[in-house]
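Chain nomenclature is as follows: A, B, C and D, assigned in order of appearance, with residue numbering initiated at 1 for each chain independently.
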Amino acid sequence: MFRIGMLTSGGDCQALNAAMRGVVKGICSKIQNVEIYGFQEGYKGLIYSNFKMLTSKDFSGILTLGGTILGTSRQPFKMMRVPDEDGLDKVEAMKHTYHKLNLNCLVVLGGNGTHKTANMLREEGLNVITLPKTIDNDLWGTDMTFGFQSAVDIATDTIDRIHTTATSHSRVFIIEVMGHKVGWVTLHAGIAGGADIILLPEIPYDIDVVVDAINKRKDAGKRFTIIAVAEGAISKEDASLSKKELKAKQAKNSYPSVAYEISEKIQKKTDQEVRITVPGHTQRGGSPCAYDRVLATRLGAAAAEAIMDGDFGNMVAVRNNETVRVPLAEVAGKLKYVTPTSDIIKEAKLTGISFGDA
Amino acid sequence: MFRIGMLTSGGDCQALNAAMRGVVKGICSKIQNVEIYGFQEGYKGLIYSNFKMLTSKDFSGILTLGGTILGTSRQPFKMMRVPDEDGLDKVEAMKHTYHKLNLNCLVVLGGNGTHKTANMLREEGLNVITLPKTIDNDLWGTDMTFGFQSAVDIATDTIDRIHTTATSHSRVFIIEVMGHKVGWVTLHAGIAGGADIILLPEIPYDIDVVVDAINKRKDAGKRFTIIAVAEGAISKEDASLSKKELKAKQAKNSYPSVAYEISEKIQKKTDQEVRITVPGHTQRGGSPCAYDRVLATRLGAAAAEAIMDGDFGNMVAVRNNETVRVPLAEVAGKLKYVTPTSDIIKEAKLTGISFGDA
Amino acid sequence: MFRIGMLTSGGDCQALNAAMRGVVKGICSKIQNVEIYGFQEGYKGLIYSNFKMLTSKDFSGILTLGGTILGTSRQPFKMMRVPDEDGLDKVEAMKHTYHKLNLNCLVVLGGNGTHKTANMLREEGLNVITLPKTIDNDLWGTDMTFGFQSAVDIATDTIDRIHTTATSHSRVFIIEVMGHKVGWVTLHAGIAGGADIILLPEIPYDIDVVVDAINKRKDAGKRFTIIAVAEGAISKEDASLSKKELKAKQAKNSYPSVAYEISEKIQKKTDQEVRITVPGHTQRGGSPCAYDRVLATRLGAAAAEAIMDGDFGNMVAVRNNETVRVPLAEVAGKLKYVTPTSDIIKEAKLTGISFGDA
Amino acid sequence: MFRIGMLTSGGDCQALNAAMRGVVKGICSKIQNVEIYGFQEGYKGLIYSNFKMLTSKDFSGILTLGGTILGTSRQPFKMMRVPDEDGLDKVEAMKHTYHKLNLNCLVVLGGNGTHKTANMLREEGLNVITLPKTIDNDLWGTDMTFGFQSAVDIATDTIDRIHTTATSHSRVFIIEVMGHKVGWVTLHAGIAGGADIILLPEIPYDIDVVVDAINKRKDAGKRFTIIAVAEGAISKEDASLSKKELKAKQAKNSYPSVAYEISEKIQKKTDQEVRITVPGHTQRGGSPCAYDRVLATRLGAAAAEAIMDGDFGNMVAVRNNETVRVPLAEVAGKLKYVTPTSDIIKEAKLTGISFGDA
C-alpha cells in the first residue's frame, strides 16, 4: 500500500485541481494500491488531522474546475512555531499526523509562504514534494507558476472592457491588478491590454513622470489614459523609506488600496477625472486557461514521477519548457521579481509604455 | 438631401454602435442622399455645434465594437435650463445648431436623463427619435434596453469566478452590481450566478434577515454565502427616512459604496470574514453579447423606419418581441422598477434565494 | 412521502441541469419528504426502469454545468408503439415503471419529439409536467426555450471569428448553424454576427438571388461575403418538390450537409473561393449563458409550483416574460417556425441582409 | 526619411496586427520621419506594387484586432520562380518594387512558406526582417510563434463544449484540430481539454491501439471517449508508404478529412457511435489571447530594434523567454516537430493519455 497526503495552501488559484489530477493520474497509472489522504483547508488539515480519503475517481473530471476540492487557508509561516490557543505545537502536530497515517509522502501545492513551511517539514524529516501554485508567478526556481496566465487573462479582459469605455469618455482609468509584492501579472496584463502606463513594485514610480505621460497623451489629442497598477506599486519616496517609516506613513493615510492613492495624486496635479477598477478576487477564480491546464498537468505528472523515483525534498518546476526538480532549500524564502532591465521591460518601453521611472 | 443628427448621451454601454449602425444602414438602404451629423460627446456636441460628418462607411464593421464612436458625456437635465459659464442658454444653443444645419431629425441614444432632455427638445419643436440605451434596463415603456444583457453576462461571470474561490475558502462574498436606482442587473446576474442572497433597491433589506440567511447556510454545513448587492440597495431603516434625513445620514458615514456598509453590518453580527468585489465599469465595457446586438440592430432599423415614416417624438421600444413606438411624453421622467411581487421574484424565492425581506 | 420521477430526453443542451435544479430546489423548499427518481438516458430509463435515487444535494452546484446529470438519448416517438427486439411494449413498460415506483408525477425535459411522447403518457393517465428544452427554439406554446440563447452565443462567436479571417482573405464564407427544421438560431446568430446573407428553412432561397448579393458586395469593393445557413435551409426548387421527390433527389447527391450544396452552387456561378465552417455539436455544449440560466431556473421553479398545485398535463412556458402553463395536448406535434413576414425579418432586411428570396 | 515596407503572408492568424503595431510603435518612438508601405495581400502586393501608405495612427488601437489590416494571401514558394500568366518574373518584380520605393527594409510576417521566400529575397540583396507568425508553431528557430496559444485556446474550448455533450450521450467524439504537418496545437489542446486519445503526425497511430483504448474506457464504465486528432495525423501503414504511394492511396478514398477516415475505422471495429467536430478556420480567428498579444508586441519591438541596429537577414524569435535574432538562412525550409520522446509527451502518457502508438 502506498499512502500519499495532499494539501493546497494559501490563496486559491486556477488549475489547483488540474495539478492534483495530474499527480493522482500519474501515480495510479503505475502503482496499484494507492491511498490518498486529502487534508482539508491547507496545513490546518494536517495540523488537526482533518482529512478525507480520496480515490482516483475523485480527481476525474476536475481538470477544468476552478478552486480546490480540498479547500485551502492561509497559515502564516511565522506562526507555525507559535503554539496555538490550546497550546498545541503545530509543527509537532503535523509530523504526528504524517507518521500516524504512515504516509509515504506529502504533496503540497502552494506559493511562497507555503514553501517555507514545506521546507521546514522537509527539514523535520518528512518526504515532501511541492508544486508551484500562485497567480503572482513570484516563486523562485521556476519560469512559470500555474494560475499566472489565467490571472493575466482576466486582468487583460478587465483592461479590454475599460478600454471601450475609455474611448467613449475623456478620463484617466486606473486598473489595480493583483500580484502581491511583484509585478508579473500587471506587466503582462498591462502589455496585453495596451495600457499606456504600467506601475510595478520593482520600478518605483515618480508621480511627476506619470503626470507628464498623461499630459503628453492629452496634448497629442488622445482622449484617455489607461494605467495598470500592481497592488504592490510604490512611489520613489516611499521606496526610500525604512520599513518602519513606511508603515507609520501608511497608517496615517486611509486609501483602500494603492490605486486610490495614485488617483488622488493624479487628480491633484491634473484636471482629469480618474476612474478606478479593482477586479480583485475574480483574478483567482473560474476555470483555468488552456496554458495553465497544460502546465499544471505536466507538473502534476512530473511530481508523480519524482514520487515514484523516491526523490523527495523538491519543488517540481518548469525551466525552458522542461520539467525539473529544484531543492526546496533553494526555493524557500526567495522571491522572483521582475528585472527592471530585462528584455520585456525594454521592449515594452520601446512601444511607448511608461513605467513612471524617467 | 436628407440630414440626420445623431448623438449618444449618458454613461456608455454595449451595443451603442450596433444600434447606430442599424439606423444608418436602414436609412441608407432606402434614401440615396443622406448626410449624417455625428455630434461629439452627447448633448455637448449639439450645444457647442461640435460634430463630424459621417458616411455609411463609418458605420460599417462596428456591430461588435464596444463604446460609442461618437463619444458621450453626462449632461444633467436639471442643468439644461441653467446658462453655462459663458452665459449660453443651452436649450437655445441646441435648437440653433439643429436649425442652422437644417436637420430633418435628431436621433438620440440614451437612458433616463437623456430622455428627459430629448422630450424637452421635442416640445421645443425638433423632430426627435430616441433609442433606449442603458445597462440598467430602467427605461419605462420598453421591455428591454440594449446593454442590459451584456452587463448581466459580465456581472454573472464575476459571480461565477468568485464562486470557485468561495468553495475553497470559508467566507461571505459580496458582489456589488451596477444598476443605478433599480435592481434589474443584480436580480438577473444574481439568479444566473447562483447567489444565495440578492439585495435590491426595490426590496429594502432587514440586516437581521440577511444575517439569519448566512447563519442558516453555515448551520447546514455550507462553507460560504454569496450575496449580490445592487449599488442602490437600501436597508429598511434607511428606506423609511426622508430624502433629507437619508442624505444627512450618508454624509456622516464614509463607505466607498453600499457593499462596504453591508459588509460592516455582517461582520458586526457574525464571526464570518467578508470579501467584497466591485466589477464596476467593466459592466459597461467590451463587445456586446449576441442578444444585445440583435436587439440594438432591430431597434436601429425600427428607428430608421419611423424616420422614413416621418413619425417623430417617439422612443423606439420592444414589447412582447415586437418593435413599437412609444411617445416620448410618456417615457420621460419615469423609471421602470423591479416589482417585488412579480413572477421572477417569487420564482427566485422558491429556489431558496433570500431577498433579505422576511 | 412525495415521489418525483425526472428525465431528460433528446439531444442535450445547455441549462438542462439548471432547470432540474430549479424544480428540485422549488419542491424541497416546501415539501419535507421528497424522493427523486432520476431516470437514466431519457425515456430509455423509464422503459427499462433504470434510475438513480437522488437527493437535493445532487442538484446543488449544477447551475452552471453543461450537459445533463441524468444522461439522455433519442427515443423516436414513432417507435414508441413498436415493440422492441424483446417484444416489450415500451408504453406499457413506462406506465409499469411509473406505477411500480408509486410516483406522484413525472417531470420531462425535452424538445419536440419528447413532448409527443409526454403527451401520450398524459393520455395514458400519468401525471406529467414538461419543460421546454431545445437549442432550436421550435417548441410551440412558449416564446423561448432554454438552450437557444446559449447556442446563439456560440454560433455568433463562430461567425465573429470567421469575420476576422474574412477581412484578411477575399472569399465567401458559409457558416452552417444548427436548428433542425427551423431557422431561429441562424436568424439570431446571423444578425448578431453581421452576416450578409441568411438562409432559413422558412424562406426558401433562390441561388441566383444569393449569387447576385455576393456579386453586388464584390462590385461595391467588399472583399468578402458571410453567409449564415440553417442546417435545414432549402432552395425554392426543392421546396416545391413533394417529400418523396425530395428524398429521391437527396439520395442521389452526396453533400455532407446543406452548406456543401450551397457552396458548390456558388462556385459554379461565381469565381469566388468558398470556405465552410460547421460548429456542429459545440452549439449544444458548455456552460449555459446567463439568459438561459435565469430562464431555466424560472421554468424549473414554475414547474415546482405546478406540481405542488397538483396541476398536471402541462408544459411550463414563458410568454411576455411571465411563466405560464400550456396544455400538452396543445403543444405536442406542433412546430414554432420563423414567420417570413415578422418584424425581425423586415428589420433585418432593412439593414441590408439578404434572405435569398427576392 | 526612413522607408519600411511591411507585409503579412500565408494563412491569417491572431496577433498579426499586434505584432505590426509593435514594430511601428518601436520605430516611431525613436525615428522621426518614417514612411510605412503596407503591401496588400502578402507578397502579391510586393509583386504588383500594390500598397497603402500608412502612418503610426493606422497601427493605433489594433492590438486586440484579429486578422491583418494588410490582408494576406498564399503565394507558394515553388511558384515564385515560375513566371505568372503575363510572363512577369515575380522575384524580379518584388526586387523592382523594393528598389523603386527606395525602401530601407522589408518586414515580413509569416510562417514556413513565407520564410522560404523571405530568405530568397535576402539572398537577392534585400534588407529583410521576419516575424514568426503561425498557429501551427512549426517554425524552426523559435520556442513559440504568435497565433499558437490563441488557436490552442479555441481548440480547447471546442473540446470543453464537446465534453459536456459527451457526458450526456454514450459516444466516441473526434475533434479535428489544425496544425498542418505538425501536432503542436492538437497536443496542447488535447491535454488542456482532457482528451483521452491524441493522434499526431509525429506519432503514427495503430488503429488497433486506438480501438483498444476506447474499449478499455468502455469496460471501465466510462460512457464516452474524446479523441483529439491533428489534421495531419497518419496511420502506421500510411507512414510507411512512399510519398507517391500515399498520394495514390489518398486519391482513391474520399474522406473530407482525416477525422472521417479514423471515424470509419473505429466504427468498423467497435459498436460505438462516432461524432466528428471540425472547428476549422475559427482556430485562426478573433481577438488574440493575452499571451499572444504580449509575445507579438515583444517580437514587434525586437524587430524594431534590429531594424534600427541595421541588423537584417534575421527572423526575430523567442528562446527561453528572451528575444533573439536567428539568421533566415538557418530558419528557411526547416520544420519544428513535436518530439515523440519529449518530456511533455511522457508526462501526457503518464496521466493516461493514449497516443495510439503502443
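Just so we're on the same page, a contact is a pair of C-beta atoms (placed from the backbone, for glycine too) under 8 Å apart; a residue touches a chain by one contact, two chains touch by 3 or more.
Molecules present, by chain and UniProt name: A, B, C, D = ATP-dependent 6-phosphofructokinase.
None of these values were measured; they are calculated from a predicted model.
Under the contact definition, subunit A and subunit D share no contacting chain.
Note: centroid distance subunit A to subunit B, computed from Cα atoms, is 35 Å.
If you average the Cα atoms of subunit B and of subunit C, the two centres end up 31 Å apart. For this pair, subunit B with subunit D, the centres built from the Cα atoms lie 42 Å apart. The set of subunit A residues touching two or more other chains comprises 160, 163. Across the assembly, chains come into contact as A-B, A-D, B-C, C-D. The part of subunit D that touches subunit C in the complex is made up of residues 8, 12, 16, 41, 65-68, 71-73, 154, 157-158, 160-170, 173, 223, 256, 275-282, 284-287. Those residues of subunit D that touch subunit A in the complex are listed here as 21-22, 25-26, 29-30, 63-64, 143, 149, 152-153, 156, 160, 188-189, 191-194, 289-291, 293-294, 297-298, 300-302, 304-305, 320-323, 343-344, 346-348, 350-352.
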